[in-house]
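This report concerns only the one structure given below.
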Amino acid sequence: MDIDLMITSLPKLLNATLVTLKLLSASLFFGLFIGLFFAILRVAKNRFLNIFSYSFSYLFRGTPLLVQIFIIYFGLGQIDYLKTTFLWSILKEPYWCAIIAFSLNTGAYTSEILRSAFETIKKGYIEAGKSLGLKYSTIFYKIHIPIAVKQSLPAYGNEIILMMKGTSLASTVTLLDLTGVAKYIISTTFKPIEVFIVAGGIYLIMTFIFHNIIKYLEKKFSYQ
Amino acid sequence: MELLYFGDNGWGDELFIATLMTVAVSITAMFIGFIFALIFTPLKLSKFKLFNFIGNFYTTVIRGVPELLVIYLFFFGGSGAIMYVAQIFGYYDYIEINAFITGAFSIGVISGAYSTEVFRGAIQSIDKGQFEASKVLGLNKYIYFFKVIMPQMLRLALPNISNVWQITLKDTSLISVTGLVEIMRQSYIAAGSTREPLFFYSFAAVLYLFLTYISMKFLNRLEKNYSRGF
Amino acid sequence: MNIFKKTILTIFASLLLTTNVIADKVKIGTEGAYPPWNSKDSAGNLIGFEVDLANELCKIMGHECTIVEQDWDGMIPALLMRKFDAIMAGMSITAERQKVITFSQGYADEVAQLAVMKGSSLESMDTPSGINLSLGGSDVKKALKTLTSSLAGKTVCVQTATIHQNFLDSGDVGSVKVRTYKTQDEVNLDLTAGRCDAALAAAVAFTDYAEKSGEAVVLVGPTFSGGAFGNGVGVGIRQGGDDAIGTRDAKLLKDFNKAIDKARKQGIISKLAIKHFGFDASM
């Protein structure tokens, strides 16, 4: 064990953790909207929209994230037509490719979490809202959303942790996130075990923090 | 389409074998995971603090660190650790662990952490009154565990176990670092050699969808079978 | 006690489906993704200059050899872990690597060069045809200055853990944006996709790619040697030691050196180089 290497690589790895957190927050942000959009399509009363939404979620949940990120990065990079469109200015950057892949992936899982939350909302609540003469938008924001949030918090907390671990795949498309920098250090020191242990420790601490934040929120919401 | 021809000029046969490899390594990993779960679930449920700690340590660490890192650590550290143990027994030659075992084992350790959580949840949700009931009936511990707890646990755990299976199946895409030629590595090689990444990675996605679809059908049927009478 | 140990060991060994390497068998690690040095055909067989050369050297040494595939980024760690006994993977002899492993004498010269897509502004770079960083001098300084200003703000792609990465990281050409990839295949793909303004690798890696893919990849700037680029490509072997494994490794190094001498004298290396590279890269 090369303890010195572990200590000297720590600042570099902590710096890279910021990249990991940026990737994570951007992906969760976009993923939440994607998830909400597809969850609404899923509970809509149109069969075509239901199928469309289900296919999206099935596609992204049924294949490994690694395959998705490779298709988006290396696969789309192969299509010459794309390079003539404005899309290329986004797809050109590994950073955005990773965020697109992660957002779609977490969006698919989020849509399932929200759907099951929507489905548990009892018809009675909506009837009650209607009979009180509330507008549909008010029912949606004041009844649907709070109940859905409370219902989906535990599952969504899990999803945040899964996604945080998933961002490690950004290193496969040249990004220097926590795993990417760990690999970079190994490429000059040739000592994988030491560096991966430190990187793993940082991931573990992040998991711990997220886990506790979610727990705290769950408690808070359950007093409502 | 000629990219998928079988034989020396196409990648069809290679991808077919790689798909079988993915299935084989997933099943093995799942099985190894069950063994881990059988060891760690009792530890987590035990009354002893130390056992609790060991059980929690396993599930927390493995589920809190990216799969990719766990696999890297096993790949780079696994044979070193084994050789170290072997040296204690006076064996100095190189011990090679083949890529299949390394891969299945590292995925198995991950899968086991998830299975442990599922089994723990299932056992905890079994009605405590049954313990009293079997005591009254004079059943011994083993009969109680294997005839009363196990069947119920399996039924309760099955829906979640099929989730673990899906996770395990998809995680095998990460073991290409160990050199095992499964779907992902074969597609990677083919994409590099033919310069057709879009085609081969999309095809890999189709293969994974196919595998998740079939296994879902199978597990759903199993679930129905197990929940008969409920 | 001995029987007890043996039994445990046997169970242990059979459980893990282990095989042990007999002392005389040599395992050689290669990447299989760096054509024309080493690559794989569509049937999955390892091919290339170093695969042929490894077989020839083993014949001369009288060792039974197996060639195993290993991802480049884990090459040196895998050697240190004894997954194989020697590396033949287009690996240049550099001071940095010599800190952890040892090398045989060089068997081939790797000429590194920048590549761009046709039409790039870098094509007009005015530099000598080749520079040796170890020699230094005003020519080298001037060429590096030209490179620094031409590459400023540009993204240059390289394979990870290579001399090419080391060179760009060394600051000799200023602060370019370096992007590292797991394999040269990926570098080539992203160069053609337009994500890299330039790429740096063995010149033959690009000419081979341009020829096979029909893409308009062209070499620009000087060929590089010396300095961060090391002293040719050699066989990487663990540093010897006093124990049984260490003496075996030390002997293997001697064997390889002798075999390379012999192969060079018999013209085998030149012949294979011409076959795979199109010119004599032997040294």
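Every chain is named by a letter (A, B and C) in the order it is written, and numbering of its residues begins at 1.
The working rule: contacts are C-beta pairs under 8 Å (C-beta built on N, C-alpha and C of every residue); 3 or more make two chains touch, one makes a residue touch a chain.
Keep in mind it's a predicted model, so treat the numbers as computed, not measured.
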item	value
Pair sharing more residue contacts (C-beta pairs) when B-C is set against A-C	B-C
Maximum centroid distance from subunit A, chain identifier (CA atoms)	C
Whole-Å gap separating subunit A and subunit B, where each centre is the average of the chain's CA atoms	23
Distance from the mean Cα position of subunit C to that of subunit A, given in whole angstrom	38
Set of subunit C residues in contact with two or more other chains	74, 77, 186, 189
Contacts with 2+ other chains: residues of subunit A	74, 77-78, 192
For subunit B, residues that touch 2 or more chains besides their own	76, 80, 191, 195, 197
Residue ranges of subunit B in contact with subunit C within the complex	8-11, 14, 75-76, 79-80, 82-83, 85-86, 89-98, 101, 177, 179, 181, 189-193, 195, 197
Of subunit C, residues touching subunit A in the complex	73-74, 76-77, 80, 96, 100, 157, 160-161, 165-166, 179-182, 186, 189-190, 193-195
Subunit B-facing residues of subunit C, complex	5, 8-9, 12-13, 16-21, 33, 39-44, 69-71, 74, 77, 81-83, 183, 185-186, 188-189, 192, 213, 243-245
Contact footprint of subunit A on subunit B as seen in their complex	60-61, 63-70, 72-73, 76-77, 80, 166, 170-171, 173-174, 184, 187-188, 191, 195-198, 201-202, 204-205, 208-209, 212-213
Residues of subunit A defined as touching subunit B within the complex	58-59, 61-68, 70-71, 74-79, 161, 165-169, 171, 179, 182, 192-193, 196-197, 199-200, 203-204, 207-208
